[in-house]
Amino acid sequence: MHNIAMLGAGLIGRFYTISLLGFRGEDKIRVVCASRQDTAAKFADEFNIPHATADMAEAIRDPQVDTVIVGLPNHLHKKAVLLAAEAGKAVLCTKPLAMSGSEALEMLEAVEKAGVFHGYLEDLVYTPKTLKALASTRQGALGKVLWARSRETHAGPHSDWFWNKKLSGGGAIVDMGCHCIEIARSFIGKGNCPLEVICWADTQVHPIDAEDHAIGLVRYDSGAIGQFEVSWTFRGGMDLRDEISGTDGTIWLNHWLRTGFEMFTSAGQSGYVSEKAEGDTGWLFPVGDEVGSLGYVEMFKDMFNSMDASRKPVEDFYDGYVVNCIMDACYRSAASKQWEPIDIQTWRGGSTAIAEVALKDYDDSHYLLKEEKMPNGHLKIILKDKASGQISQVIIE
Amino acid sequence: MHNIAMLGAGLIGRFYTISLLGFRGEDKIRVVCASRQDTAAKFADEFNIPHATADMAEAIRDPQVDTVIVGLPNHLHKKAVLLAAEAGKAVLCTKPLAMSGSEALEMLEAVEKAGVFHGYLEDLVYTPKTLKALASTRQGALGKVLWARSRETHAGPHSDWFWNKKLSGGGAIVDMGCHCIEIARSFIGKGNCPLEVICWADTQVHPIDAEDHAIGLVRYDSGAIGQFEVSWTFRGGMDLRDEISGTDGTIWLNHWLRTGFEMFTSAGQSGYVSEKAEGDTGWLFPVGDEVGSLGYVEMFKDMFNSMDASRKPVEDFYDGYVVNCIMDACYRSAASKQWEPIDIQTWRGGSTAIAEVALKDYDDSHYLLKEEKMPNGHLKIILKDKASGQISQVIIE
Amino acid sequence: MHNIAMLGAGLIGRFYTISLLGFRGEDKIRVVCASRQDTAAKFADEFNIPHATADMAEAIRDPQVDTVIVGLPNHLHKKAVLLAAEAGKAVLCTKPLAMSGSEALEMLEAVEKAGVFHGYLEDLVYTPKTLKALASTRQGALGKVLWARSRETHAGPHSDWFWNKKLSGGGAIVDMGCHCIEIARSFIGKGNCPLEVICWADTQVHPIDAEDHAIGLVRYDSGAIGQFEVSWTFRGGMDLRDEISGTDGTIWLNHWLRTGFEMFTSAGQSGYVSEKAEGDTGWLFPVGDEVGSLGYVEMFKDMFNSMDASRKPVEDFYDGYVVNCIMDACYRSAASKQWEPIDIQTWRGGSTAIAEVALKDYDDSHYLLKEEKMPNGHLKIILKDKASGQISQVIIE
Amino acid sequence: MHNIAMLGAGLIGRFYTISLLGFRGEDKIRVVCASRQDTAAKFADEFNIPHATADMAEAIRDPQVDTVIVGLPNHLHKKAVLLAAEAGKAVLCTKPLAMSGSEALEMLEAVEKAGVFHGYLEDLVYTPKTLKALASTRQGALGKVLWARSRETHAGPHSDWFWNKKLSGGGAIVDMGCHCIEIARSFIGKGNCPLEVICWADTQVHPIDAEDHAIGLVRYDSGAIGQFEVSWTFRGGMDLRDEISGTDGTIWLNHWLRTGFEMFTSAGQSGYVSEKAEGDTGWLFPVGDEVGSLGYVEMFKDMFNSMDASRKPVEDFYDGYVVNCIMDACYRSAASKQWEPIDIQTWRGGSTAIAEVALKDYDDSHYLLKEEKMPNGHLKIILKDKASGQISQVIIE
């Protein structure tokens, strides 16, 4: 049972609070902190939280509070985390961890030095679909993972500060690339070192300084590729999908727009449809359990259960730091127009051999490259001679 | 905060327990009861439940228990409920409530007479998709509901007793028709009286006495039709879908086989894929959050929150009784081969006029029947003359 | 190479003409006939057809014409067919064949007596998906077919005459039930006699005499059920789906709204989206190849190839007659509120035994009812004792 | 009416022949040429083609032949095209046009010098879905196109020569990248110059010299990005999808694995399921009209109709040349690890301004960046001050 200081009363604070208080849980929010006292008070009132303040340090130091949740704009993460570490409180920080790898490293060092529990609130790694898909992948259902694409695109963030590069640290990469990068990294393996990145980023539509569209490829030690696609220019709602390919299988996850809930209405739905939905008539695609589908429920469960069991959660500040390092390399690559190395100060994973896929024998002298049933019913077999390397085909009628 | 006696340690007891204990919740299971002591003990051990017993009355009367959850075979529901009522404990009973309408009525009267809280554990009405779809429907997104199809089919139940009509009360109708009937009734409106039913039922595949496949139409006071399709002969997993049509819109829900999680594996998944899945190689369709997607999480939340607020939950024994009455009429209709009236002793809803859909005016002298854009770009308008009733068309190029 | 008289210049005539002339084919339309000369002339001009007339007999008797295609309102089918038979021309008639079984029988007898080639233009049996699904079904992919659902619903027909029962012969059943009934019959087997039907029909929305919504179950000799759902009240476009279940498999076909083409547009599509589409902004679901997806291309290919090879096409007037007989029984059942026998004068198929599904042996003394992998990884097996009939379960951990 | 020499009797020759002969068309194949006489003879026999030969020049020079279709391995395209140009015959060449940009240019110059009709058989641009999506895009449904992803992945090609880089010119890029590049280019606009490319390519699985997996980004003059993903390592069938995003809309096309045809079979389908399908039990996803869905039918229609009308077809050798130039740059980029310019000798399109998206006014002093309905029902509006550039938000409750 934990007593929480919730820092932030915007959309993310709301989602976190709904997730924490929505299930007859034993953990309680003791105090909420917002930039303005009236916002905090209103939020506290709505969710029946006993205290509200605009003073971050006060909220963190509240003696009844043992856990600080940081749901603030990016430029305030460091300050909040350092205060929490100083106060000896467990600290859970929203994504991205920091505005850069060096800032993230400073935060990581602070919490580790203070010896406090730290969790990185990378919710999309915790969606029930993702958790189950990760479990299947680890059980070998896909064989060796070769490629993971994670995509998050919508029409832009919901808060003014995120459109201001000085407050957010960047554009779509910092906003959503952090999710996609960590999702791909989770499937490819956290012990598999991300080596280098190529990234395209552009401001295609909006009158802003930051990128509103970016695509990147992260190459891992094993040769696997993590691909992210992020955009604030997408139309049609929030496109939130992952695709993973391995030597033995494929996984496709659709988290938002095609989840088995389809509605046509000419009358209108009069109100909220789902996060980032566009319009409320015609064909709509609501999401049943939004906070569950975004991973918040399982994420907090892991955080508090890990805290209680004195174990590392699935995502901690080190993971957030690695993601920040990858994003730093993305920005360098977008500028240099070439692959850029990823600079992680202290790689804690091991090394992973280039995926050596076992060649399949067809007979003593041939490898099997492929077999396929043809439209006329024949079976076509492609072989490689082990000695000469020559490729030939056999047709079995 | 509640202390629970869990009666039943089979699949349903397991799902209930996972739902209740899975989210750092404040409610606790105090004792589990199974038909065999060792089964109960093993279950208690797995879920860290302090007491285990094979004596139902003992579990119910445990002085620390305030709530009894009935997750037993159908023929034991009545006994458990009567004991709970006698002990003055809140009682939550799994579906179907009873083996017949008259048995259900007896149970309803017992809990009402005892004045205890009673909830009907019709989980599929509580899936997050269903709850959201019901909310949209009530807000008018579909206009007047005309038809609701609910389908649950798979390869058969997982417990031996369910294949024995004497212990279960019937076949696929009693097993799954109860879900589908109540889902359709929820969309059509609980105040809208179900009047009559036509039902086809057959034993197409299995060497059993009960029906393994059935289809029924329930006609409501408003003229709306609730359609259920249930089968133990379906191949490919568990098909769990709802479709609702109204004058202004349509909703399609897919709860199990197409929810945005798709996996191909040649290596295999080595283990459980999802409830009622067939095979573990090739294209598989796992479900991310099974207990959430089946409605268990929201169901128990509603039950305990309602108990705490001293209000009726979404589903109580009266609802279970109505469903049993409809199922009784289904069996009569399957035998008589004609529509059969539904015999509800005390209808607590009101009456609902036959859906009078407002006619749309095209101009002073015509109603608009329809307009459609044709392939050649023309707009075709179908009109009905208010005076003569003659139907004509206008083409706007 | 054939010379065609196209009777009808409405939507169906347009779809037929596009299908016939769209693929550099060798068959030519020699003359088009419409109720008004100017409509016919405009159509002829658009499609480069040499002759246009408002005189049906003239078109049919044109000495250069060898094949008559009837794309006329229902009340004109008989007249056109009798004229074609009299003129000794091959005749292809759109669906439904006739306004009743007796009218269909008259038409069938006329063409058979005249010895002319006759084809029933039931296009939806010819969609490429349906043809391939039928082939798989016949190869045994589904085992014995137990149930086939075919659904066609939209917001109502595009021609005024179809809303007038005297000219069309009925409502949604006559309009679309004919498709659905024949689709289900094709999967269940054309030699499998349709015995009886239960049907609900109502006028839920429109100010018309005919039914705008109907659901029916057709029971076949084998015990299989063909289920049709037709409506002019559906919102969201044209819902055109089939589902078939057999002892060994399942097929789901979606012909219109979810075919792998999804578009969101805030700008609008400015024009036709697809047949029966509603609106042209928001999420839209166009169909790539409309005439192909509706079966027109394969249908005419079969008709003319069969004519050239002097063989019966997949669908001829006898099939149309059977469908009319089933629809007659549907209307009787909707009125009598009970199952009604289907009255086919001369059943040309054979008899089909009630599906006897082979029982699977588990061991010498038990049948296997079912096995399923449980969430905890155990394998649960349900058995029936061959001697005592008792049902038991085995759990393999 | 055309008389065709079909060069090639493999899978592609088969698909072409089925497309050409399958619809009662007036065009005829006069002669088929294969590398072995017996293969050619067998093919001729199967499709009722009057002549068969192993002599390419003989087939091309056949005086009855007016059109040569090249369905040969890549290293033979040039020879066949030069012979056809020399013989003054129209020539339609399969994809990729050549093994390199310089080879393609030589072929382009040969046909243009000879003045013969030339078509590039890029079938996937001609799928009915693609044609309709292109038409919508040109009508403005997506606004300005910003990004187009085209993906083709499967378990590897069906012919031995394609696994040999010397005969094919490369791996997955040459095999399928040519499709994806031209699809994206068609959506982005053929007058929009492709400027530079970044490409990752690797041999992740197979014991071959060529790449079996590659991803590339092509940047166009307008700033739009064409993204291709190609792989011979994908498991689960053939993944053939396109996604296009513009300022006003989105299009998603799925051509193969999710097209509205789903089948589960435990019995098996005994034979061919669809091109590149894996396995024939469990959940399968056949394709209804394979040759139509792959674009062959519309492609040949355009080719011959264009020939008859003396107009350029949608795809001619110049398009093939541009694609080869882009692929050349891809290979350079994969080696240099940086963006590489695309070297097109004679760019025939114009120039396209960097997409200038009109800013939306909120009021006289602010641009509207975004508006979104929030979960609590509030409307959140993000604004940019025209003068100061400051970003702010307004919440309307």
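As written, the chains take the letters A, B, C and D, and residue 1 is the first residue of each chain.
Convention: a residue touches a chain if its C-beta (ideal position, glycine included) is under 8 Å from a C-beta of that chain, and two chains touch if they have at least 3 such contacts.
Since we're looking at a predicted model, the values are computed, not measured.
J.: When the contacting C-beta pairs are counted for A-C and for A-D, which pair yields the higher total?
T.: Answer to which pair has more contacts is A-D.
J.: For the two copies chain D and chain C, is the contact made of the same residues on each side, with over half of the numbers shared, or of different residues?
T.: Both copies, chain C as well as chain D, present the same residues to each other, with over half of the numbers appearing on both sides.
J.: Could you grab the centroid distance between chain A and chain C? Build each centroid from C-alpha atoms only and quote it in angstrom.
T.: One centre to the other, that is 48 Å.
J.: Can you give the whole-Å distance between the Cα centres of chain C and chain D?
T.: Measuring from centre to centre gives 35 Å for this pair.
J.: What whole-number Å value describes the gap between the mean CA coordinates of chain A and chain D?
T.: A distance of 33 Å separates the two centres.
J.: Going by the contact rule already set, what residues in chain D reach two or more other chains?
T.: 235-236, 248-250, 264-266, 271, in rising order.
J.: Report the topology of the inter-chain touch graph, choosing from line, ring, star, complete and other.
T.: It is complete, because no pair of chains fails to touch.
J.: Can you tell me which positions in chain D touch chain B when the two form their complex?
T.: Per the stated touch rule, the residues are 235-237, 264-266, 278-279, 281-285.
J.: Enumerate the contact residues on chain A facing chain D in the complex.
T.: Result: residues 11, 14, 142, 146-147, 149, 153, 155-161, 163-164, 198, 200, 202, 204-208, 213, 215, 217, 219, 223, 225, 227, 229, 231, 233-236, 239, 245-250, 271-273, 275-277, 280, 290, 337-339, 355, 357, 359, 367, 369-370, 372-377, 380, 382-384, 391-393 of chain A touch chain D.
J.: Hey, which residues of chain D end up touching chain C in the complex?
T.: Against chain C, the touching part of chain D is residues 22-27, 127-133, 136, 139-143, 248-255, 258-271, 286, 288-289, 292-293, 297, 301, 304-305.
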